[in-house]
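See the structures that follow.
Shared between the two complexes below is chain A, which pairs with chain B and chain C, respectively.
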Partner chain A sequence: MPIPSLCGATAAMLKVVGAILVLCAGALIGLHMSHQYASRPRQIRQLIQALQRLETEISYGATPLAEAFHSIARQAAGPVAVLLGAAAEELQSESADTRGALERSAERCWGRTALRPAEREIWLHLGSILGVSDRDDQIRHLRLAMSQLKSEEDAAQEDQRRYASMWRSLGLLGGALVAILLY
Partner chain B sequence: MDLDINSIFQIAAIGFILAMIHTILKQMGKEDIAHWVTVIGFVIVLYMVIQRLGDLFQEIRAIFLFQ
Partner chain C sequence: MLEPILNALPPMIRELIASLPQQVLDDLEEIRVREKRPLEVMYRGVYRYVSVDGGLTEDVLSAYLPTREDCRILLDMLTNHSVYTLEEELKRGYITVRGGHRVGLCGKAILEDGSVRQLRDINSFNIRIAREVIGAAAELLPRLVEPGSFRISNTLIISPPQQGKTTLIRDLARLISTGGWNREGPPAPAYKVGIVDERSEIAGAIKGVPSFSVGPRTDVLDGCPKAEGMMMMIRGMSPDVVIVDEIGRPEDAVAIQEALRCGIRVIATAHGRHFEDIRNRPMMRGLIRHAVFSRYVVLGRTYGIGRVYRIYDESGKLADSLIVRGDGRDA
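On to the complex of A and B.
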């Protein structure tokens, strides 16, 4: 595919630069997908730990939900901490409707996490339970959510094992293919 | 007309990369996607080859009609 209207040397150089850019784009896309697969089990684990701290707070103290979420957000890390912090903010601004608060925080922050719709279902279900029923019921539901997340974590680790390195090579090869086709 | 060596290398490189993609997809377990990708690559290469063949036949016809 020749480049018209440019003299020979710069045209060739421009083609090489373009090919390298396409290759890098493909490789970075592959790396991003691979990273998503790798981060998902880690973030699920962080979410489980945060829920464990929440269960401790609920069972041993009478802290209001917004403060409890604030303290677990402080102890968490990464995008999960951002999600918990957003939930804490929403709970503070409107303490009555926990489900709505968790929904809004999910809308704001879910894109930054590597979590999938399955975990989002569990997160929203928690919103219907927390702050509504009595202490033992909430703790039971928290434990149920934690065991569901644990099985999701195992599935996510299986996915990671199978797909993470594949996507890396696939991204690079796809970029090379497009670069060669356009050359 | 394109430089022929370039297009031969292009076709060879496409074939090589397609073989690698096919193997990786088969290892991932997505055999049907692997087959689709191979078929699409085959169609692309076929398109390039037919274009060159068309040029070749034009040249041959020009030579024979000229004489």
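On to the complex of A and C.
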């Protein structure tokens, strides 16, 4: 709808500003997506490292699970540390079983990570096997989870190589396209 | 006191147990959870099933049947999410949880070289509620000292299971280690007490620290075989009194005699219904012949009336008996 009270020059100005905003939004969406692609393999790697430390805590230290999670959370960084810390907290609260604790930690913190449903499945599966058997068995299960994560990491790296730069340019170009169409 | 146990129960069972009448909860002695078999409780020596609507019943058909999920959560909670930290305990078939309660476990045993390496598929739990009854031994202790002095007599306490003998020796340890338990005359001295707690029942130690009050001058050797533990106590801790639960093996007798040679007084318990049960056991016969113990106390309790102690002297003659009125639980 035309805005009758504005003169031509002001209208043109607004149009340019709008176009720049659309362009920026497109570029930001692209950057965010590409960042997600770049973060996912890194976070999977951090999760694998955390599980490696958990294996040590269980096999050599025989540390109770809640304490073990606290200590691996302290050594991790970023969103993965938040996830591990949340799990430790849930494990320490009374009347929470391991599976429930890991489920709730995922509900609380999964959104902050760049991790996908495949990793979430592995995480939730850990909830039903951690702490329910002897050390040898725990180590076998942890190794299995780590190898599953490793293959996810490989896939994630492949995705990153393919899509990360694509999303960066796609965002900017998409923004430009929308701006031109609206102009 | 029930709080840590209630928190460890899976939601459904927790609700059922918590809804039992308060008198039952006060006297609860055991909760037995068996996968797909009726949930059972024991209080005041009575066994009852717990029905699906939270009442007590003798009818198997109306009882709540714990599910596989219930058992999974229960084991998870009892072991603090960490079965792998309790491998040694699982081999022995029981664990001690917060509050000093003991939980017996059954499942499938995994063998290695003919001995149990692991217990898995755990599906039966016997949660034994440990009760600390402060003062349980107050009436008995004055009869266990040598006349005219405060020296503790070597005492053997004889009782069938679930008659509160562990509660009794726990309180004996507390009183002897605290001192000043006598009502008249100069206060009794506080002795150094060593408890060899092979099954973590007397002190209910978690990570080596007693859950129950066992007295200020008491050392607890937790989870250690009795005979070896007594020798360790004698060598390292110089106790005045050593307390052990459930003696029965020949090496226990050797360790007790070794303790006596060092001038240490011993209070021990043994399974048995009557004094005669004990007299007929080869290992005990030797101890009795050598007059190792100067007091034998036979425990009995009658619900609703009280607790009866029969005290025999070193030759096996009934010397004294003591009736403590009460509901039979808190002596």
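We take it that the second predicted complex is superposed on the first by the 175 of 183 C-alpha atoms of A that agree within 3 Å, B and C clash if a C-alpha of one lies under 4 Å from a C-alpha of the other, contacts with A are read in each partner's own complex, and residues count from 1 in each chain.
Everything that follows uses one rule, which is that a contact is a pair of C-beta atoms (placed from the backbone, for glycine too) under 8 Å apart; a residue touches a chain by one contact, two chains touch by 3 or more.
Quantities reported herein were computed from a predicted structural model and do not represent experimental measurements.
Engineer: Quick one: chain B or chain C, who's touching more of chain A?
Structural biologist: C
Engineer: May I ask you to decide whether A:34 touches chain B, chain C, both, or neither, giving the answer as first, second, both or neither?
Structural biologist: A:34 contacts neither chain B nor chain C.
Engineer: Report for A:138: first if it touches chain B alone, second if chain C alone, otherwise both or neither.
Structural biologist: The answer is second: A:138 touches chain C but not chain B.
Engineer: So, does A:64 touch the first partner chain B, the second partner chain C, both, or neither?
Structural biologist: In the superposition, A:64 touches chain C alone.
Engineer: After superposition on the shared chain, which partner residues are touched by A:46: those of chain B (first), chain C (second), both, or neither?
Structural biologist: Touch status of A:46: no partner.
Engineer: Regarding the shared-chain residue A:130, is it in contact with chain B (first), chain C (second), both, or neither?
Structural biologist: second
Engineer: Looking at A:160, would you say it contacts chain B, chain C, both, or neither? Reply first, second, both or neither.
Structural biologist: The answer is neither, since A:160 touches no partner chain.
Engineer: According to the stated criteria, A:181 is in contact with first (chain B), second (chain C), both, or neither; which is it?
Structural biologist: first
Engineer: Kindly list the residues of chain A that each of chain B and chain C touches, one partner per complex.
Structural biologist: none
Engineer: Considering the complex alone, what residue numbers of chain A touch chain C?
Structural biologist: 58, 62-66, 91, 94-95, 97-99, 101, 130-135, 138
Engineer: Using the touch definition up top, name the residues of chain C that touch chain A in the complex.
Structural biologist: The contact residues of chain C facing chain A are 7, 10-11, 14, 72-73, 75-77, 79-85, 87, 90, 118, 120.
Engineer: Looking at the complex, which residues from chain A come into contact with chain B?
Structural biologist: Touch list, chain A to chain B: 162-163, 166, 169-170, 173-174, 176-177, 180-181, 183.
Engineer: Which of the residues in chain B end up touching chain A in this complex?
Structural biologist: Spelled out, the residues of chain B in touch with chain A are 10, 13-14, 17-18, 20-21, 24-25, 27-29, 44.
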